[in-house]
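Before any comments, here is the structure.
Naming follows writing order (A, B, C and D), and every chain is counted from residue 1.
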Amino acid sequence: MMLKGSSTKMLLLLKSSATSVPKTFIQSTCITYCRKMSSIPKLDLGGIYPPIPTPFDDKEEINFAALESNVKKWKQLPFRGFVVHGSNGEYTYQTPEEKVEVVRKLRSWVSEDKLIIAGAGCESTRDTIRMSQAMAGAGADAVLVVTPFYYKNSMTSDALCNHFTQVADNSPVPVLLYTVPAFTTIDMSVESVVTLAKHPKIIGIKESSGNVIKIGHIINKTKNEDFQVLGGSASYLLQSAVVGAVGGVCALANVLGEDVCRLHELIKAGNLDASAELQRRLIAPNLAVTSKFGVPGLKFALDKFGYYGGKPRSPLMPLGKEQQELLLNDFKEDGFLK
Amino acid sequence: MMLKGSSTKMLLLLKSSATSVPKTFIQSTCITYCRKMSSIPKLDLGGIYPPIPTPFDDKEEINFAALESNVKKWKQLPFRGFVVHGSNGEYTYQTPEEKVEVVRKLRSWVSEDKLIIAGAGCESTRDTIRMSQAMAGAGADAVLVVTPFYYKNSMTSDALCNHFTQVADNSPVPVLLYTVPAFTTIDMSVESVVTLAKHPKIIGIKESSGNVIKIGHIINKTKNEDFQVLGGSASYLLQSAVVGAVGGVCALANVLGEDVCRLHELIKAGNLDASAELQRRLIAPNLAVTSKFGVPGLKFALDKFGYYGGKPRSPLMPLGKEQQELLLNDFKEDGFLK
Amino acid sequence: MMLKGSSTKMLLLLKSSATSVPKTFIQSTCITYCRKMSSIPKLDLGGIYPPIPTPFDDKEEINFAALESNVKKWKQLPFRGFVVHGSNGEYTYQTPEEKVEVVRKLRSWVSEDKLIIAGAGCESTRDTIRMSQAMAGAGADAVLVVTPFYYKNSMTSDALCNHFTQVADNSPVPVLLYTVPAFTTIDMSVESVVTLAKHPKIIGIKESSGNVIKIGHIINKTKNEDFQVLGGSASYLLQSAVVGAVGGVCALANVLGEDVCRLHELIKAGNLDASAELQRRLIAPNLAVTSKFGVPGLKFALDKFGYYGGKPRSPLMPLGKEQQELLLNDFKEDGFLK
Amino acid sequence: MMLKGSSTKMLLLLKSSATSVPKTFIQSTCITYCRKMSSIPKLDLGGIYPPIPTPFDDKEEINFAALESNVKKWKQLPFRGFVVHGSNGEYTYQTPEEKVEVVRKLRSWVSEDKLIIAGAGCESTRDTIRMSQAMAGAGADAVLVVTPFYYKNSMTSDALCNHFTQVADNSPVPVLLYTVPAFTTIDMSVESVVTLAKHPKIIGIKESSGNVIKIGHIINKTKNEDFQVLGGSASYLLQSAVVGAVGGVCALANVLGEDVCRLHELIKAGNLDASAELQRRLIAPNLAVTSKFGVPGLKFALDKFGYYGGKPRSPLMPLGKEQQELLLNDFKEDGFLK
């Protein structure tokens, strides 16, 4: 049974205020215990989310009209919700004010049954806490918190666990961990994830490394926790679902939303042959809008599929002619474009 | 329908001699075309293979008696065959003569319905060709050819395609590509694999990167070829099978052969829930005998499970006490040891 | 002959307004040509700079009193100037307002003959331009602009050249490129650096990869440009100076300022034996406050040497007891502590 | 004072037999102590060595006539000796028999005052010991032993120290450690090198990582040992010499032997300005025959400079037309070709 995001959130907020913000890990553990006792309904994360890109105009200002028009179309699709300010959102290129404003607008455009998961990760713990609170205030149902990454050698398991615990202790809404080594070069050990999964406000992870061994391992080790795993790409929706992932945050869903949702449905229905065939066909188009051509590729594809894509902010550069052809080819070869 | 390895092999050998060894890629392509025409039966690779370790005595000499005793037990299990001189076999620590002798002995111990896939990869093309021929002579049904890797920057797509084509042109038995970036730091592009898959003697790939996106991608792009993908580990047997892998070469199968074969059967039967549960439980034990503790871990585990493990050749060192405890724990936590 | 930073800056500002901000690379090249014609005096960067850490109080707020007290001591030493908001300054953990305020205060404390080089690099080009302008307004003599790094695959030579050119075109003060792959995983090709060195406002590079081959290569290829290279660490001051680097930005100079400056003097005096001996002795202490124990190590060492170090901002964690001992040992072994 | 290789070798051999081969590290340490007492003259490694390539004919067989003709020219130059079967020698592409034969021939062509340092590193300790003994028998003055590298995670400090100690204990001639992470991805910690430097038969290291921080660090920590460091490339001869390296093994010396030897002389004479200028000019040509175009580039350059280069063994491929042009350009730009 799927719960409305709002009621869960209310319960969690209630709980937060009732217990006062926990400051230490011992306290957190205690709270975990309490949760198991009182059976607070969890936020059901199962489903597909597009990690929406941020449209810019010719002066690189946020084009809210274009965003609204895109959202109108995406609302028609059976998405579980929206991820905003993930890596595809060029979140590192936006000011804090811009980031909050995008979430506020988005909340005003989509109904409560669509979850809004907002990226709130910053390099420092204090900035991340502030951003989580701001995102909750702007209407986010949960925040997505990327591993800090600049001081790589210092991002030990202890440092990461401490960071996420502090953030979760102080976030008004549930927290999803977010690992994306392609951009951060930081991965978290299974042990760290398992430790953090015990925190009552840490409800899941968006795993964008593509490591389906780790995904299976995490799910095995957290089987007694309220902890859900979302894959981070349409390239391994099926491969992660079979070991227990509940859905995916898929750049490709911005462009081929119908197909990605259909794949999710086929998997849920246990239709393995059709799932396998569709999964395999989606890989090349998905790589084209992610690892191969990045955000500029995704934006170019949006333009081709009737959405507003436009240009990225500099230093990202729009695709050149040759890259555009290669991208289109990746969609054509598997029959998603003529 | 599964074919006996021997009849296929005979046909391929026949074909080799009939056409004379092709020297150029153009000729190879022509042969590919011919194969499609004459529908040569292919070698069905589907199933589980233990990549067998090489037992050594106290003076680091090969202990053939111990190997025979291990093989006797493994023969009882429903393996599709054996991989010998993969990374788990310490193949880089053996002389060419030792490597051939191991295969010859193994062939004398196992019946023809068990495939013997023998590692024949060397750094140079000429050594690889010689080793492929020697392995075929010793009774191997197919050879496993790892990407050369010392001169990393020079191992371009062209260099790799040229290498594998020459090897396949001159190998008396079918060839499996072998990518294992954890040891070689070399991966092959999907494009290279797809090109090589057209060669009549290149019948598959052992993909040991754990990249199930690439596995799905390769299977999609080779759907019109006689080309099969084997996963390289028990950690992602299910995750690779759902996108089309036909089986796996699994270090863990040396130790938990029954469980790994059962997982393969569950997958084939489409029993997703039981597959998922078993797959997840096998991850920690599998990591323990692969990435975590390597060959010394695998050998220690063999000793614990009634096989002969013994010590690796130096510079590999046997597990220390603390590592042994950690390894055993990884088996205990998921119920594979008490 | 060394010029005062201010006069150079004035000339550059004059030049900027006179020519209007160049928008394209062709225009930039033209300006380069003009500069060579009109022989604008360049900023002499030669010497040692401590990349100053930012002190925080127990609530993780910037402790300006502590900073002033540190600066008072550093002012006594023959530094060429100060680098502020480099990696050692925890710049990624500060708000834009904090960053500007630190520079404003620093300018008020140090005389004009000490250069202030202020980190202004942000992920987006627009934020970097704004920060460069703010830093110039706060009194910086030059800005240090790190390579953007989040979208790694997209940071091609073209993207980086375009980014730095736009920033330089719009910065009121000269620009130093900053490469620090240990934190960013991004390096710039020699070709890109050589291209950018032609820009009239790009006067040098802080090279923190430790790659003294690249340093020599850059200096060879920019011998006809007004372009200076600063090494990024006390571990290779001598090794980079002998191929033409003019000085260094050295974390260790915060702690052992006198020794690092003495090394610079010995090198300038051509005293190779004494340079070699001191250089070698400085490596272990330098590694201790950089790659080995990072900013927390540097702050701990400051406390030990009579400065204010204090704690880093979370998620950085202060050194544990054992790490403290190891760090002290690295200073003791080479005679810098008893 | 420089000693003839042969007398030193004799003394060491004498010593080996006198004490019986040490088997444990404790024994080794004891011997180290003895050495200090008895002041055995050490092998002076100071100078320039070309790491000679192995010429092949059209059938990829070793072309000994071509090798002899090359050696005749190299003998005219003031090299300290020759490194054979380093990475530039395509040693991984040769059989053990071929490797020994090359050394035997080389010894017959060059007089005793030229050191022959022969690569003897294999993956297993036992093969390395055998090869060291064979190389000594063929006339090598010392062996160069690369870090084993296939089982990367298992190559801990303990494993490497144990490997090199066993090899040194059993080698009839002195041992040089060899680290070349570009090919092996394995580096050794300074601590490991310092430990191994105490072994009486381990007389130095060929450091090919280009890390001149590590070189200075090692020299500082081994200042009380008979231990010498050779840099592994002409790109940082000066940068490593100033912190104490005694010379270099330089691929470029095969082609521009006179220039590389001149650089070494300028450095020894303390002529810093001329050293710096020549060092900088040598970087681009050196990169062209190493990291940029590898062994195929070196062989092409040999052909251009009046030596026999020829083709590498497959899977290495000869340079294409475009690469040839780029390589020639790197020599032309700095005035080494017209």
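The criterion applied here is as follows: contacts are C-beta pairs under 8 Å (C-beta built on N, C-alpha and C of every residue); 3 or more make two chains touch, one makes a residue touch a chain.
On a predicted model such as this, the values are computed, not experimentally measured, just so you know.
Colleague: Touching both chain A and chain C: give me those chains, sorted by label.
Modeller: Per touch definition, common to chain A and chain C: zero chains.
Colleague: Roughly how big is the turn, in degrees to the nearest 5, that lines up chain A with chain B by CA atoms?
Modeller: That rotation is 180 degrees, given to the nearest 5.
Colleague: If we define chain centres by averaging CA atoms, which chain lands farthest from chain B? Would you check?
Modeller: C
Colleague: Measuring centre to centre with CA averages, how many angstrom lie between chain B and chain D?
Modeller: The answer is 36 Å.
Colleague: Just how far, in Å, is the C-alpha centre of chain C from the one of chain B?
Modeller: 51
Colleague: Note the residues in chain A that touch 2 or more other chains, in rising order.
Modeller: Residues: none.
Colleague: I'd like to see which chains touch which, written out pair by pair.
Modeller: Result for touching pairs of chains: A-B, A-C, B-D, C-D.
Colleague: Under the stated contact criterion, what part of chain C meets chain D in this complex?
Modeller: 210-213, 216-217, 219-220, 233, 235-236, 238-240, 242-244, 270, 272, 275-276, 279-281, 283-284, 287, 334
Colleague: Under the touch definition given earlier, write down the residues of chain B that touch chain D in their complex.
Modeller: 60, 87, 92-95, 123-127, 148, 150-156, 158-160, 162-163, 166, 182-183, 185, 291, 294-296, 313-317
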